[in-house]
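First subunit A sits with subunit B, and in the next complex the same chain sits with subunit C.
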Partner chain A sequence: MRRLGSQPLDRPASLAAVLRHPQDPPQPPCPPTAQGVPRHVSPTPDPRLRRRDGFRKDDADPPPRRVAAMSVAQRVSQELDVELGQEIGYSIRFENRTGPKTLLKYMTDGQLLRESMHDHDMSRYSCIILDEAHERTLATDILMALLKQIAARRKDLKIIVMSATLDAQKFQSYFYNAPLLAVPGRTHPVEIFYTPEAERDYLEASVRTVLQIHATEPEGDILLFLTGEEEIEDACRRISLEVDDMIRESDAGPMKVYPLYGTLPPAQQQRIFDKAPDALRKGGRPGRKCIVSTNIAETSLTIDGIVYVVDPGFSKQKIYNPRSRVESLLVSPISKASAQQRAGRAGRTRPGKCFRLYTEVAFKKELIEQTYPEILRSNLSNTVLELKKLGVEDLVHFDLMDPPAPETMMRALEELNYLACLDDDGELTRLGSMASEFPLDPALAVMLISSPEFYCSNEILSITSLLSVPQIWVRPNSARKRADEMKALFAHADGDHLTLLNAYHAFKGVEQNGGDPKQWCHEHFLSFRHLSSADNVRAQLKRIMETNEIELMSTPFQDKEYYTNIRRALLTGFFMQVAMRESSNSKVYKTVKDDQLVMIHPGTSVASPYDWVVYNEFVLTTKQYVRTITNIRPEWLLEIAPVYYDLDTFEKGEVKSALTRVAEKIRRRQAIKGGR
Partner chain B sequence: MSDSEEDYMKMTFPPSPPSHTTKSTSTSNPPETSLQRRARLRREAEARSRPKSKSELLAEADRRREAAHATSLLNDPSTSAPSKSKGLAMMAKMGFTGGALGASSATTPTAATEPIRIDIKDGREGIGLESERKRKLREAAEVAGEQVKRARVGEDEYRERVRREREAARWERQVGAAQKVTEGMNEEEAKAGRTLKGVPVVYRGLVRKRVEAERERRMRYDLEQALMRSSKLPGYDDGEEDEDDRRALGKGKTTYVVAEDLDEEDEELEAFEALEPEERLRRVVEYLRREHRYCFWCKCAYPDEDMDGCPGLTEEDHD
Partner chain C sequence: MNRERASGHNPDAEDDDGFDPTPLENQRGFGAGLHKKRITFVPASASNGQLTTTTNSQQRPVQDISSLYLNLVLPDTARQPSPVPPEPATLCLPHSHPPSALDRSRMGLSYLSTHGWDPDGRRGLGAAQQGIQFPVKAKPKEDKLGVGMAGPKKGAVVVAREKERLLDAGKVRKMVHEEKRRAERIRTQLCGRGGDLERYLGPGAVG
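Take a look at the complex of A and B:
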């Protein structure tokens, strides 16, 4: 690593995130001051700015965040008339466009965290600006705790934390009462309306409210917040139909309805910036657009022209409970802070109105003050592994702004111990150290590292990549049957993981044979975008594997053990995510050790699930499902994860007795073999 | 014929399948035969293997999840022992002694000690609807609670009333029984006179009631007969009926004679009837002892006035 020179200009880079003040005039960059702090204000807001990327698929909505740092850097370098990657650069996961001349580097919080694993003092930077700290992502919280530690060691380091919320005092006191600089936002007043009584059906109420606004309010666009893709598409359909009626019957103006959610293809996301439609005829009522969005539009995205906001008060939030080890996305009430943020969206261009679909009493009494930071809602095994790698020894007294529940920490340590990433003393093992090199959940990383033992690291690499991107299966409402038929072409009777692999191999086959993969994906109801990004992830992971000298190999396809090897390799990472069938003809499974009842998600391609399955995901709705499953044999559990499935410490129950029978069988078989 | 093509026109009803309860009670009384036992075991096995309904499953899954969420891993003996949870052991090594994580409780006084609750939202109810509903339920419950309280008061009253009524009815029956005994003993006197006033007041009510009932019956009978005769319906009349026939057929003039003073006021009886049944019984019993040396409770007559051997006047004395 380069040593820092004494000249400020020799300092290779400073980290910056970006302020967003559209009204601020573009400023020429100040030359680095004596302290080497580049002052910088972004000239225009980037609509999709979000400094978060990564592979954790369970993010509530993975919008095109990876583009954000990149596009801001691009814009700034244009404004300053320098070449991107020289003075101004960016670094997102797996893509680093910086050079020796770089002064200002845009990056995501996760990326800075990864970087600091190898540079505990962040010695490359003289100033770090942490933007959007109010979002309180896992990485932001960890970074703040780390920066607090580093600040004590490095007196020369400047830290600027930018937060958009009113609880700036909390940040201030956390950072040793640092000076607070208030930057007033320039927003217009927003009038807030509540409903007189609670709504029976918030979706119904949302549609009704949007139509009412369209019928009675003057010109201005509408933003409606809903929770997920399905709901949003449903609402769009209903609103469009009703508006058509309104135009026909009561000469209403035209209204364009656009959905907006993370998994929407970028081209369609871009449409929300289209101009509202014109009046149907001269002198007719003006047209408007209505955007139906998840909470992406709450903070990370700004759409000009919004005057009316409809807020039913819900969003999908990740939640984790260490007691049942359930991690899932659940529709939950938003916080007061979130509701205020949503309302604020109506006042960006001129005074606006916000319609809250709940009573004022409910706002005061039912909503929590602040959204829980991600660190309180997540499984921390990945974080704990990162912290260990960052050299944090005492996790119990690690100075986090909001420390997680002790049980969450306990589970994380326990899981890492079972995965052999931490030894019994809590020290990082060689496997753990290697696993932390991968931007993956520890289970996936361990599976990947162990896969050569099963002669299928190529295949496990592909599966890992496919599990790290959103669902590759496209299943539009209009063509569900056709989509299912197409999926059946790839179906493997023994596991959804294998079905994914089949689809990926077919996709690669088309590419290699010179076909048009885009067209092919369209015909086969596969997401070209997600398959390509899986391909990209695969290439990145492959590089890390090569650096760590993990051999890439395959069992010959003709070998009858080809798929069995893969199924066994899955267990090296996912032995803690196994479910056993309750009774022979039942559809109900029971997760081992946690004793939760689950059903197999109906989207599975496994024709006849075995009595034992490994699952990738626990889905909690009003029902409990396991999604993406593969048939396994219980013998493998005893063989591959003998510590976790140690019968002496296993809790009494059906699972234990079933495993005991299996162990007995193995013993008998070995005795027979030995006798021969 | 299969069940699906049942003949709805046929007028027979299949015997209703023996219900579970009747069978189980029948097995409990006489010793269970081997056939019955086999049937029972099969039935029980079926019940066990019957796939649970969706709602049952959901409820069960919810119950288990809630159960898991309600038990802290730190308190659960199966996981909290350091030997069991290596995670906890590691934390203990880092100095965890319970409470919350974090630098110190001074800097983060609000640090979480419990995981965030998982609340699963069912359906599309708006914010506040549930609490509004709960509030309404609570209010309704409060109203209902008051009603229950009131009803409870009423309930006690009711019990008391029923008890009193039962008691009174019992006394009344005793009175009736004693009066009958008395009447039986006074048979001769009863034949003697036709006036009610001649009957001793202690059982005059009984006689009077009977006479009244008899007259009522008679009158109704006469009315019916009169109606029949007056109707234009062809009657059976062969012209050969003699007096006896007519009498046998009830066509003769009714010659029933009621007690002469039946319609007269009877103050003495009224005064007697107004007494509490206990008192009336006592009087009848006393009358029997006095006139017949008969004890209603011993159910026997004694040879002399002293009634030697009878324990006393009241029922309790005879317990």
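Take a look at the complex of A and C:
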């Protein structure tokens, strides 16, 4: 077998739970059978296209790990000397490289889930390997529950669940006490150190620990875990400055510091694999590199050469509150399992050390055992829609490994009900069935499907794609003012959604006129990468719209209703994300029904916000913000979402009285019209 | 530039108002940076000194590779059946609980109840209704306090740490004088004015 050294491909799967049906005799994990087509499925969590509410641009977003499915398929096909897409293939969202000859298919968990919507028995596969199950993504959890059901129906299906966790028994008992197969991890021992007392400032302590390691420990690279982009950049700056001092003063070796987080451009992410710098002069102290990372480096990314891990014990975690309907990313203490995983990163190449910036008592008492799986921390409206489409009726007894709270489930059902994806009895409607075809959040899908009613499906399609990728605006610290000036060129006074659309149209214009879009984006502080991926998403969504016979149309640009139509169409999906100004000239808004007090995010391009705005996301930092807003008129709410804005059932308050006045005005106007 | 850097990454030298009252000659020298302040570490206690995977495997002699890894994932404790708790000596009726505060008209609730979930049953979802009953909660963290460091309690008065001051002879004299006056005042308050106490106890009793 040829060795291809360059691609990091090892999976630290130290354990594997192997499922077989209780009646079957034990079997080796994956026999290369002649009968049938064993196709492996190697899911890596794929970032859901969009999360509602909460930060978008930040680090909880797993890096595009669809790349992993792709690169593994590539490597395996190379080693077996076959063409990629023939015997060995892959399928990720928006890209399918398989053929009739394919025996082995790599795909993300989300992709397999989507496939099973149309093939409830997964009849195309004779063997399914579910890798990285310990990450417990939403899709993995649902897949496991489905596979459990399917296993009862299909005796011939082989299921292998691979997990790198010490919590194997939970997996085993969940899968009817399936045989457990342990695969040794290739790790070296890691010595663990704690601080004798709790730290006052974990950021400063971690910077100091890194410097201390650099000054006193033998050769080996350092990995420091922090929570977010800002913190990481800050730490990198401080460490570099201090190291310069150390070199001048005490002849320390050189140290390269690299940040690592999800939104970092791939080229910069790649730099973490650079070799550590050489000693400054012959015989001098050896150089090393220090990587300051979010928890991407905890499981999904393996960097060789790490010998020292510094673990302050925090990470940013997504959390969803079904009462306020806000999904936010909060800095929270990690779990014990997570801490062990972090420590393990130090033992990849040789025995290592892990410095925990908390006491051993705190480790035992304050940290929870396992990180809450994603299904307990997410808005489930998308999931419920998928389950409905999968034919799961009994959401109460659906056998999930960790069932979510009833309230979260109720909220999801109600949201889908308001969006008319489910009827009052909870049955999937035609709209809901169509919405589930789109790899989008239900609100976005519903908006897209109903956009032809407002003669602007082309524009809504563009906006949906733009909302499905990370922020396209680039605002480097060094040139904030210039970036803001450039953004102002595209600004539309009535809404950030429209501003996005303007920027996209300008981008397409440059492409069509034969300009250099990359250069143009650079000059205008736009992210070429994100704009082109929005373009790609748009093409894919367009294809789905065409198969569902959703008409693509635009209002003529000269028409004065051009933008109004778009603003109205936005409400068809986002009528539940509306905020009303508390009093005229106040800066504080109140979200409708949830009564959260919010401010408008300073990055907005809306010149003078009306009393009513629709927002795309809710950002919870030290203050509560709504981001990406567009002005709307309250009349539209009553007209477009009469069920949600039914005044008879509306809770008493300012919002209700304001809406009642609006309703009164409409009635009077109609009366006058009728009188003539 | 020196001065700026030295205070720039030494948080202790930074005051609230950003002004450092320390005269230039008293400031710590160049390079007295963060790495000079050592963070101490203690090794993990014996049982936990290394990642569990490595220690556990050394605990028991094992015959073959498969049992080695089985030992690794299923420690002894997990395989032994847990002892049956003794029967309680007293009996009591099951508690009745107040009904849940959920709005009964919610569409989601009616859906879940048609499938057998009882809002007052104090159960979760799942095959055996074993799921969590309430959503996972988290509170925003806005400080940099480390794990295990309790933040100031709500409503607690935060006492500002007194600034360090440089003293000279004049200041010391003033301080001593101040102290003397305070002691005098307390004594008069406690012992009364005009030597009442001296009259009772005889001379030399006070002071």
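What we mean here is this: the second predicted complex is superposed on the first by the 617 of 676 C-alpha atoms of A that agree within 3 Å, B and C clash if a C-alpha of one lies under 4 Å from a C-alpha of the other, contacts with A are read in each partner's own complex, and residues count from 1 in each chain.
In this text, a contact is a pair of C-beta atoms (placed from the backbone, for glycine too) under 8 Å apart; a residue touches a chain by one contact, two chains touch by 3 or more.
Every value quoted in this text rests on a predicted model; they were computed, and no experiment measured them.
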For the combined arrangement obtained by superposing on subunit A, do subunit B and subunit C clash, or do they fit? clash
Look at A:Glu485 in the shared chain and tell me whether it touches subunit B only, subunit C only, both, or neither; answer first, second, both or neither. neither
Looking at A:Val326 after the superposition, I want to know if it touches subunit B, subunit C, both of them or none. Which is it: first, second, both, neither? first
Determine, under the contact definition given at the top, whether A:Val598 touches first (subunit B), second (subunit C), both, or neither. first
Would you sort A:Asp278 into first (subunit B), second (subunit C), both or neither based on which partner it touches? neither
Of the two partner chains, subunit B (first) and subunit C (second), which one does A:Gln212 touch, if any: first, second, both, or neither? second
Kindly classify A:Ser583 by the partners it touches after superposition: subunit B alone (first), subunit C alone (second), both, or neither? first
Which superposed partner A:Glu83 touches (first subunit B, second subunit C, both, neither): neither
Using the touch definition from the top, say if A:Asp646 reaches subunit B (first), subunit C (second), both or neither. neither
In the superposed arrangement, which partner chain does A:Asp424 touch: subunit B (first), subunit C (second), both, or neither? both
With the two complexes overlaid, spot the stretch of subunit C among 42-50, 132-140 or 186-194 whose C-alpha atoms clash with subunit B. 132-140
Mind sorting out which residues of subunit A both subunit B and subunit C touch, each in its own complex? 195, 198-205, 312-314, 319-323, 330-333, 357-359, 361-363, 365-367, 372, 376-377, 393-400, 402-414, 417, 424-426, 620-622
Enumerate the contact residues on subunit C facing subunit A in the complex. 5, 8-9, 11, 30-31, 33-35, 37-45, 48-54, 66, 69-70, 72-74, 78, 102, 106-109, 111-112, 114-117, 119, 124-127, 129-142, 144-149
As the complex stands, subunit B meets subunit A at residues 49, 51-52, 57-58, 60-61, 64-65, 68-69, 71-74, 78, 84-91, 93-96, 98-104, 107-108, 110-116, 118-129, 131-132
Residue set of subunit A touching subunit C in the complex reads 14-15, 166, 168-169, 180, 182-185, 187, 189-196, 198-205, 207-209, 211-212, 214-215, 238, 241-242, 245-246, 248-250, 312-314, 317, 319-323, 328, 330-333, 340, 343-344, 347, 355, 357-363, 365-367, 372, 376-377, 393-400, 402-414, 417, 424-426, 620-622
Provide the residue numbers of subunit A that touch subunit B in the complex, in ascending order. 174, 195, 197-205, 312-314, 319-324, 326, 330-333, 357-359, 361-363, 365-367, 372, 376-377, 393-415, 417, 422, 424-426, 583, 585-588, 594-599, 620-624, 649, 651
